[in-house]
Amino acid sequence: MSKDIKRVVLAYSGGLDTSVILKWLQDQYQCEVVTFTADIGQGEEVEPARAKALKMGIKPENIFIDDLREEFVRDFVFPMFRANALYEGEYLLGTSIARPLIAKRLIDIARKTKADAISHGATGKGNDQVRFELGAYALMPNVKVIAPWREWDLLSREKLLAYADKHKIPVDFKKRKGGAPYSMDANLLHISYEGGILEDPNFAPEENMWRLTVSPEKAPSKPQVVELSYVKGDIVAIDGVAMSPATVLETLNKIGGKHGIGRLDKVENRYVGMKSRGCYETPGGTIMLAGHRAIESITLDREVLALKDDLMPRYARMVYNGYWFAPERELLQVLIDASQQTVNGNVKLKLYKGTIMCVGRESATDSLFDMKISTFDDDGGAYNQADAGGFIKLNALRMRIAANAKAARKSAAKTAAKASQAAAAPVADKAPAKKAAAKSPAKRAAAKKAAA
Amino acid sequence: MSKDIKRVVLAYSGGLDTSVILKWLQDQYQCEVVTFTADIGQGEEVEPARAKALKMGIKPENIFIDDLREEFVRDFVFPMFRANALYEGEYLLGTSIARPLIAKRLIDIARKTKADAISHGATGKGNDQVRFELGAYALMPNVKVIAPWREWDLLSREKLLAYADKHKIPVDFKKRKGGAPYSMDANLLHISYEGGILEDPNFAPEENMWRLTVSPEKAPSKPQVVELSYVKGDIVAIDGVAMSPATVLETLNKIGGKHGIGRLDKVENRYVGMKSRGCYETPGGTIMLAGHRAIESITLDREVLALKDDLMPRYARMVYNGYWFAPERELLQVLIDASQQTVNGNVKLKLYKGTIMCVGRESATDSLFDMKISTFDDDGGAYNQADAGGFIKLNALRMRIAANAKAARKSAAKTAAKASQAAAAPVADKAPAKKAAAKSPAKRAAAKKAAA
Amino acid sequence: MSKDIKRVVLAYSGGLDTSVILKWLQDQYQCEVVTFTADIGQGEEVEPARAKALKMGIKPENIFIDDLREEFVRDFVFPMFRANALYEGEYLLGTSIARPLIAKRLIDIARKTKADAISHGATGKGNDQVRFELGAYALMPNVKVIAPWREWDLLSREKLLAYADKHKIPVDFKKRKGGAPYSMDANLLHISYEGGILEDPNFAPEENMWRLTVSPEKAPSKPQVVELSYVKGDIVAIDGVAMSPATVLETLNKIGGKHGIGRLDKVENRYVGMKSRGCYETPGGTIMLAGHRAIESITLDREVLALKDDLMPRYARMVYNGYWFAPERELLQVLIDASQQTVNGNVKLKLYKGTIMCVGRESATDSLFDMKISTFDDDGGAYNQADAGGFIKLNALRMRIAANAKAARKSAAKTAAKASQAAAAPVADKAPAKKAAAKSPAKRAAAKKAAA
Amino acid sequence: MSKDIKRVVLAYSGGLDTSVILKWLQDQYQCEVVTFTADIGQGEEVEPARAKALKMGIKPENIFIDDLREEFVRDFVFPMFRANALYEGEYLLGTSIARPLIAKRLIDIARKTKADAISHGATGKGNDQVRFELGAYALMPNVKVIAPWREWDLLSREKLLAYADKHKIPVDFKKRKGGAPYSMDANLLHISYEGGILEDPNFAPEENMWRLTVSPEKAPSKPQVVELSYVKGDIVAIDGVAMSPATVLETLNKIGGKHGIGRLDKVENRYVGMKSRGCYETPGGTIMLAGHRAIESITLDREVLALKDDLMPRYARMVYNGYWFAPERELLQVLIDASQQTVNGNVKLKLYKGTIMCVGRESATDSLFDMKISTFDDDGGAYNQADAGGFIKLNALRMRIAANAKAARKSAAKTAAKASQAAAAPVADKAPAKKAAAKSPAKRAAAKKAAA
């Protein structure tokens, strides 16, 4: 452990773990600690972190508390949703997408405070360490990273509590008794639950674990229709009311949560190599994905959609694995954003007890849906049905040629076999050997060799 | 229209449209007609088609009626679900997957009856004509295809009814009044609705359109947990009861339908080039997809899953576009099937009012979920957290090199700019020109040229 | 054949075939013909086409002759080379890339002359008809297209010559004697040869067929080193001399042709469904691909390169199949162009008797090659070799977990087998059945059923 | 450094570096060393390694010397060439493909000798450490790996020589003087050169570096035509002489080397994160790629080829990065091998001074080349040219709909603008506001809000 750190910016929540880290950094590295606490919609007050930091000796000018909710949704969540990103077919990447923003802000503050290191409270087994650190290295290549969970010896809860007690770091009663039976991560896009009792993938969590959504069972028995207005692939208004990105997501979280929408219980593959089970609540995000798919369905060209669909899993992996600030993610984003120029219009979704049903989509400016042509009724000549015959014939041609070639060979072989049988009947001769040679390069070669 | 057809096999439902086609083929082509009627789980009796065919003069030996339900699920539906196939992110391909089976059986019968042509009732605007015909051409490259909707002049309902009346083809009352306000296609995997009043994508259909599922609103208020047992990616038992492929799907349709699962209202892109709106009910299939994703989540390697996910949209397009019997689909299937060797185990899904939640997954033989390693608690050395540091560092290296190179150039440019400012102050010289040249090949070239 | 055409723009080379078409259009469609002749570097004079057109009664204002060489290279060839496009691994798309430009200009002229149709001399079996027409439809969706080779009855050479003679269209001696024993297409990027004697893929053409290149055998025995300067992925200077896009390509054609570079003899798959054999000479293009690969090798990030490589075959198919003006090609181009921002620098290539060897690459502004880090010698701490251990360990983790799980099961099975053997010895019991059930969901289900 | 190793298998070349490692392992780990020396066609005697090992105290039963040439080509090189694998567009993966075989054999011997560790001489900066270790971990998940170059302090040449002298390990004169000015790796597929003087990517190596090939300049002035016979994608005979896989490659190396074929000078991206420059000689492999492309060109379906081409760069990265024994590579191989069932036939290649030209390809059993259909002359009705019209029309449909929709909106907007201008002239009204609202969801939302 290199000790020559002068100043370190710590992603500080104000909770027990990062408070212990704060103390431990001061102790072990004898360095100045800068704390950074962000409101990314986790639903907890961030101001209390200031008092805690002050109490632990952090200088007032070294305490940074930011409301990043708008930036989070505008620059991270919305761009990602333009891609319809799902990791491993299902996960809406709620945790993954928040980490690069934290990394970015840590580096901003490191530059401002002339710090030479950053630190975070992510463990050595998870994806978050990777996301924080890849982001940080991309933005400040020579920054030092202190990941206490990979370095220290406080790996058990007992040791951590003992350290807290020793250094007079307050531990609330619940934490002391063992804390939640799983770990949580919350932001404006989602809450995730993992670890602890969830580590058995064959065990279903209690209903009371979930916080952002009611269960479908407890959701209202009356459906609600919500109208989403899109400009360039982003939602700009809900039910006709224009709102900012963060307000869009907050609003959809409330609506979705009320209707029991967006729960997921999943086993996924971590970038660091093992499988892990997570439970996720993404009420607003789940609605956003359905809405975005719907508005794209009438405004995107078929092959553009195919290209996006083919690239989506790759994009999702980039986000999941922490490559937000990598050039390949930025490049894919250029393509995705360019595809969204025409993604404008309105979508109506019916929400009911965990389900989402699209009940309308329209685009005054960019619809590619042509009722005249798609009708099965007479279309007044907009489409010439006879064209389909040629279309099918040429698309089938390669398969027809192949099937004919195969049949011709089969028939030739049959004829040859008959002829050879006939010939072979009276006297043994070399004909069959020649035939075999003609069919098999290896045998032919052998024959040539033998003949030489 | 080439008239030299001797014998044609018609995909005959016994309904009005194909009865008119039957008559029209006899009339126009003066050829012998062979009828083929299949039970693929559409939920209608197939035997009545025999009497109708006989009445229209078809010889008894030319009437083929088959129960293809097991073949349909075993050889078409199940292989497709191994791929987690979704067309354009949402559609479970219920119509698409049934067409190649019909094509295959049409060709089987054509060979058996020495027919030289096949005929079908698909319109000239849809995907089904492509699926039927690509399948037929792949299997019998020189077969003639008669697609009456692309040839005849009975394009309006009035003309069709007039033709039916003229030839004494019975028309039921409902049909005469205009029939359903949309067209339907049903099989064991789904019912689709399209056309007619559905042609406006901003219009939601009435509740009474749906037939396979109750609405989530009317579904039971008590959830049901269903356990699916997988062998090599296919469901072999439900709630511990072993059953055949078709019975699996029938059972899941009943369960899913009861719980309001599997409705979709979508705008999609047809292969023939226009957008079209379809409503789909796929209760069993929707459960199958969720279950398959869940069992794969603990039994498939991460990169195998990534490869499958990347190829899935392409596979889905092949199925949608009618390339089931094409070599590229068969080749992808080889990969998909090979990936399923380890997809064995059990999944528990909770069904409630249109929602599906995985509440358990296990594989006694092939689980890759290692609780010991994935735990955030002390794992007794199964995983060395320090490894993560090196992992991140090397994954970040290319981004760090790039950022450092960029910074070095920026700083060099600043230094050079200062130096050149200093130098430029007293006398004008050529330094800036040289600097520019060094940075820009074009300018350098220009400079060289100028200097020459 | 709909005869209600008022004015048609014909892609007119001045040669026999398009002269016959010109006459035939006047005859059959009784419409005004506008001729368009382009210099795209095919190496033939275009002005003579004016006199010929006039002679056939075309009004002077209806004759368009354009030099499109710069536009061709700047807006078509260069963008395509940014993608390193190769169709089916080898073909540099010389014909494919010229067609959309012709289509675009045909449509420009159709708008200017208020024509309602275009016409071209491409056959009904080739790719070029598709490329012309897809381009035209994309740019002017309701344009009528007249493709005489798909319509008329002049399919044999004899009929064509008879028609020419009848209408006093001059036929040169060589043409009358049968013309070239293959057909050719030439532009600034390449010459292609196909058809005729080349239709046997097991036959090699005579040396005298090739026109743009000498044979490697006849190339100079002294190598030449050429330096290419790149700005944003395009060549802006050769050997330090700045030049326009068309001049770049002309220059490289001369140099490459002299050194016997760029011949290809290939069987490829046409979009219309059959295989076809083509011989190609692309001297400048072959050098351009090698140079571009080399400059990208030091200026592109690894994952950006991987993304480009993965998408390249798809991009090449879009170009080959005629989708230049399709939104999916334009979208991919956005990504490709964005990737080229850093592709700046110089490359030195050694050319010798058909071979190209890169002998140097540098980028003063964008090199990502860091000699300090890549050295195997001591690098002064720029890279920490110990990091590699963790990197490998975590990348191996999923495979290690899988192998351990497999081994554990094998060992458990062995133990169980022994135990069961031991147990089975004295009395027959149900233990083996239970074990089997535990391993196989199907059997377990059967067991449950049996037990019920 | 954990010292509890009992027995380690060392990949031992007999050279200075691995001899030092052998000694160092004995010293540092106090463990028994097992040596493994393989002939994979590197062109050096392997038997001398036995005497050296014995001299350093290795027990005779712990010395393993194997001729792996046939296994190398049959099970590694040939399968890879079925994929047409090229890393980053150019590199034939000569080093990459040899490493997994060594890893496999190391593990075989570890099992046989009950060793608990393996060791190799690859540095901590290169790809080879990754390839060795990923292979080893995949095959024996708990094996310990000792990578001395990542552990020891002998990082400079001086220290290494001092250690050798101290332990009486013989150092030949050349090595003592600094050794080759680059490092080499040789096997039956290629020789690579990197490091040292090659680290400057703008510096071309001396001619005398190359060993497997003469320069094109010195190659014979008479071309040679070679005929390759393929069975299921593998070469089974050359010029009609059947031979084993290793003999095929040896033979092609000789022929290719004589004709100056297969040199490459490239900058590539290492898996560990930096760019590196390598020079490669792959004479036989270069011929094999050209031949395989040619035989596939007549025997593979177009879409199968497209699928293979799309997946090739990914496959190549798997091999380059060391994932030979990973399930994703094995899965792709299943697809690739399945595609090769029809890749049978003969190819003729003309070799001359570094160039390869295909001069013939045929497949008696699997050709899909149909001369009758591909001809531009009259084909007797095998292909109906009129089909192309429908084919193009439907392929263009989505673009035509889009262009028409765009035009209609443009025209409507113009009309509306005129109307609104007219209306606006006399009195101010709300019309423009409404129009804007209709076009922009955001504005419409704002309008609604304002109205509320």
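Letters A, B, C and D name the chains as they come in the text, with residue numbers starting at 1 for each one.
Definition applied: a residue touches a chain if its C-beta (ideal position, glycine included) is under 8 Å from a C-beta of that chain, and two chains touch if they have at least 3 such contacts.
Predicted model, so just to flag it, every value in this text is computed and none were measured.
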Label of the chain whose CA centroid is most distant from the centroid of subunit D: B
Between the pairs A-D and A-B, the one where more C-beta pairs touch: A-B
Chain centre separation (subunit A, subunit D; CA means) in Å: 29
Cα-centroid distance, subunit A relative to subunit B, in whole angstrom: 22
Contacts with 2+ other chains: residues of subunit D: 269, 272-275, 301-303, 306, 314, 326-327, 368, 370, 373, 383, 386, 388-389, 391, 393-399, 401-402, 404
For the subunit C and subunit B complex, residues of the former touching the latter: 229-231, 236-237, 240-242, 301-303, 344-346, 364-365, 367-368, 370, 373, 383-384, 386-391, 393-395, 397-399, 401-402, 404-405, 409, 438-442, 444-446, 448-449
In the complex with subunit A, residue positions of subunit B that touch it: 84, 88-90, 123-126, 129-130, 133-134, 137-142, 145, 147, 149-150, 155-156, 183, 194-196, 199-204, 216-217, 221, 223, 260, 263, 265-270, 272-277, 293-294, 297-298, 302, 305-306, 309-310, 312-314, 317, 325-327, 348, 350, 352-355, 357-362, 368-371, 373-378, 383, 385-386, 388-389, 391-393, 395-396, 399-404, 407
Partner subunit C, residues of subunit A touching it in the complex: 269, 272-275, 301, 303-304, 306-307, 314, 323, 326-328, 331-332, 334-335, 338-339, 394-398, 401
